[in-house]
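One structure, as structure tokens, below. Some questions next.
A, B, C and D are the chain letters, set down in written order, and residue numbers restart from 1 in every chain.
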Amino acid sequence: MDDLYRENILDHYRNPRFKGVLEPHTHRHKEHNPVCGDEIQIDLLVNDDGIIEKATFSGHGCAISQASASMLMEQLQGMSLEDAKKISKEDILENLGIPIGPVRMKCALLSLKVLKAGIYGLDQLSDLEDEEDDW
Amino acid sequence: MFDVDAIRRDFPVLQQQTNGKPLVYLDSGASSQKPQSVIDAVDACYREYYANVHRGIYDLSEKASDEFEKARKKIARFINAKSWRELIFTRNATESLNLVAYSWGLENLHRGDTILVTDMEHHANLVPWQQVARRTGAKLAIAPTTADGLLDMAAYKSMLNPSVKLVAFTLMSNVLGTITPAREMIALAHEIGAITVVDGAQSVPHLPTDVQALDCDFLAFSGHKMLAPSGIGALWGRKSLLAEMPPFLTGGDMIKEVHFDHAEWNQLPWKFEAGTPAIVQAIGMGAAVDYLNALGMDAVRQHEIELTGYALDRLSRVEGVKILGTMNPELRGGAVAFTFGDIHPHDLASMLNAENIAIRAGHHCAQPLHDKLGISASARASFYIYNKPEEVDRLAESLDKARQVFSL
Amino acid sequence: MFDVDAIRRDFPVLQQQTNGKPLVYLDSGASSQKPQSVIDAVDACYREYYANVHRGIYDLSEKASDEFEKARKKIARFINAKSWRELIFTRNATESLNLVAYSWGLENLHRGDTILVTDMEHHANLVPWQQVARRTGAKLAIAPTTADGLLDMAAYKSMLNPSVKLVAFTLMSNVLGTITPAREMIALAHEIGAITVVDGAQSVPHLPTDVQALDCDFLAFSGHKMLAPSGIGALWGRKSLLAEMPPFLTGGDMIKEVHFDHAEWNQLPWKFEAGTPAIVQAIGMGAAVDYLNALGMDAVRQHEIELTGYALDRLSRVEGVKILGTMNPELRGGAVAFTFGDIHPHDLASMLNAENIAIRAGHHCAQPLHDKLGISASARASFYIYNKPEEVDRLAESLDKARQVFSL
Amino acid sequence: MDDLYRENILDHYRNPRFKGVLEPHTHRHKEHNPVCGDEIQIDLLVNDDGIIEKATFSGHGCAISQASASMLMEQLQGMSLEDAKKISKEDILENLGIPIGPVRMKCALLSLKVLKAGIYGLDQLSDLEDEEDDW
């Protein structure tokens, strides 16, 4: 049990980085997972060169969803929007560094989905999901 | 004598170990494990006498038909039905409830009528009624539970007015564990002329069931929660009601005659069983009932009262645990849902899995109840015939360990 | 090389003898036998990793969920679906067709609309449409077969007018064996804006299937006719249509959120799968698809053309036998129905059973077709991968014997 | 195969006894089994003492249904209506003297059911069946 949640996950959970809301912001999106009640909002401030000057998250949820959001925020600071679009499921799982089962996958990927929906301006994550994984 | 160790030897899955830790399976409320006798019954059918049922004039099919219908009779007797013709095979309790909703509900409910359910219903006994209400214009009313998780009988009584045409409620909550006073609720509903639909998904596997004594009109339950294969469930219905209802699914086997422009229906129960049924699964459910009968359902209930009593006591002494539902094991079944400080139930389930302990985390298909309780999810340990106090201890010890990891 | 003897060794049931006579199983059109690999897949799940799927955060449930969804993907690929999200698990082809009838039909059909079916449909693809017609006020029209048992394309074309909103037809008749020109029929139906529902219960087990090439809108089929366990079937549907359709059965697992007064639906395909699914049976169907893929569906079809050709030739030379449907094995599948002089099919089936030969007798759930043919019943031998010419010979010889007993 | 249908069944099938319609008659009833197309009508002439003076059957069907009807007719001649009511499923199966599977049971018992429906004046055999076999 001790190894399951590595110290860095628990650290990000207990001391989330870049947690809060951002004013002003250029992008804001929020989603919640009704099954577990996890809720995440991501705010971005993107400058004219397409660089993310600042990114923050808010909300609540399990250790996996909160830690993965916190880790994602660290990654986003100063990144170009184009590069942010390329962040993949695999990148998130690498951040976490522990095996994630199918149910927890939704927790792990919630922040990534909120990010992508925010960038692409989709209201319905499910449409995105639908398109993404036909196989 | 209820010999749990002997019972455990009948369940191949329970012989497993992972990293030297034996499996502690505490998710029977979601689905139970299967004894060797059920696995063997399934295997024997496929190897020795598999064929489609009812119409085949050859030995395999006659044997398969015979075993299939024998299973129906066993299951009908298990719930003390007046006739095996009242026992309809479905995939699961959900389909059973939908059958009533579509076939009785759409036909008999109208604008101005009320459907009454309780606030602790599983989605399977809530969403179909929402849909029927939407289609017929009937109203859906929700009877509340009290603060200690029992049905609020005063409120229930006050909501029974002549507009109520159907009352649907669970006999045992899969979250609170609550056993509802079904006989009294049914008698009161009948007084105002309402029909009663009992969700027995949690109760039939765990309690002696007698539909004649209950005097309910419909009873829905699942095989997979009572040692049977997946893919099989049942609806029991009062014959006089079933006889008047239009069929639900239509096609082969449920017909008497078919012409291009019309069709006539088969006798009960086949009128409600369209197409090739879940033959082997029904036979397996018959074997599951044999197994439970050999234990005796009174003994099964007694075992669970004892084990649940032990669990309620042991878990409530773990710092941070808050148990949902009544603390009186006589008034509840062995589904024990709880919260654990700030630790999210998903995290808790993952941590316990690392100890080879299987519990459930989430809203357990009872989201409105969780909303009412002001929580988005809970953890749930649920017990069955093969569980024992030592497993409760392992759960409790692991909770302590989890608290340390999370420095709760 | 298609090695029937090797295949036969994979099927435990076929090793049986009764009174020294090996079983000749000629009723695969009703339901097929199961290979050891499918039986093993079922057994392994119950013994090693059984649990409820989708919500469990522990190893057993994750493994069961994974195998369950892997099976879905295998089956979706088997019929060349564009996405696994288009593949919905049901109990059988009958439920699949009812799902379309209830969810698409009740929602989209109105008075003045026409539903077009053919006169060789199985009751499963006729009675649900009669019911939808009755409820919506739509009309049911019947496209005829020609004297040699093929679909009358001229008549079909003439019946396609703009009032036709839905065309439902079998890709392979379970009585005449007829393979319908589905691609052409679908293209014609689409020209007038109708949607198309293909009954693949007989075709999917016996032919390569490609829903993208067919361009149909729905395809219904059963697992138990294609080596899979009983209790499992599938509906494939075009995603854009499924996305717009209301759910059919409601309850757990098919929801996204539930509140007392409303609910929102889960994504495809789960929106159409309410309650605990037939978990182990779906996994078994995945194993069945593995088995068929290893043989290759082109080879399966080739084997059946050869065997059916042999049977048509051999049986038509038995005095008194009159075969229903076309004599061209390229245009039909391996379900060969026939009459035999004055001997009632029921008597014939009983006589053949005494020789350990299993055929079917009756109207094979196609009573209107039998009415049209002027007979109340027929005998039917139907073939699958494990049948061989010697079994056709035994059938033919036993027919001769039966004629002598009845002094035909 | 040769032993399956005993000679007496084939004999009754080929040379049915008391086949035809009866005029005058006091009772007449007809039923058909849509699954196999079997059809049987039974005519009775019952006198004031409640004795069946004559019984005939007509219709068509498989060897089992026809032979069992023919055998039943032999039994009925001169029997009291009260005794006829007591003829059971077991009596019919004894007449036939061969094992009858579940599907063929409907063939074997069709004539008995027509008889009972005729005597009790039921239009719907199924009601009778329903009541009969709750277990």
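Convention: a residue touches a chain if its C-beta (ideal position, glycine included) is under 8 Å from a C-beta of that chain, and two chains touch if they have at least 3 such contacts.
What you see is a predicted model, and the numbers here were worked out from it, not measured in a lab.
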Of all chains present, which has the mean Cα position farthest from that of chain C? A
I'd like to verify one number: the distance from the centre of chain C to the centre of chain D, where each centre is the average of its C-alpha atoms, in whole angstrom. 38
Report the inter-centroid distance (CA atoms only) between chain B and chain D in whole Å. 45
Centroid from C-alpha atoms only, then distance chain A to chain D, rounded to Å. What do you get? 77
Centroid spacing, where centroids are CA-atom means, of chain B and chain C in whole angstrom: 31
For chain C, give me the residues that contact two or more of the other chains. 55-57, 61, 257, 346, 350, 361-362, 367
Contacts with two or more other chains occur in chain D at residues 34-35, 101, 103-104
Chain pairs in touch? A-B, A-C, B-C, B-D, C-D
Counting only contacts in the complex, chain A reaches chain B at residues 1-5, 10, 14, 34-37, 61-64, 101, 103-104, 107
The answer for chain C against chain A in the complex is residues 54-57, 61-62, 65-66, 69, 73, 82-85, 239, 256-257, 267-268
What does chain B use to touch chain C in their complex? 12-13, 16, 18, 23, 25, 27, 30-31, 33-34, 38-39, 42-43, 46-52, 55-61, 91-95, 97-98, 102, 119, 122-128, 130-131, 140, 142, 222, 224, 229-233, 249-253, 255, 257-263, 274-281, 346, 349-350, 352-353, 356-362, 365, 367-368, 371
Given the complex, residues on chain D that touch chain B span 34-35, 101-104, 126, 129-130, 134-135
Contact residues on chain C for chain D in the complex? 344-347, 350-351, 354-355, 361-363, 367, 375-377, 398, 401-402, 405-407
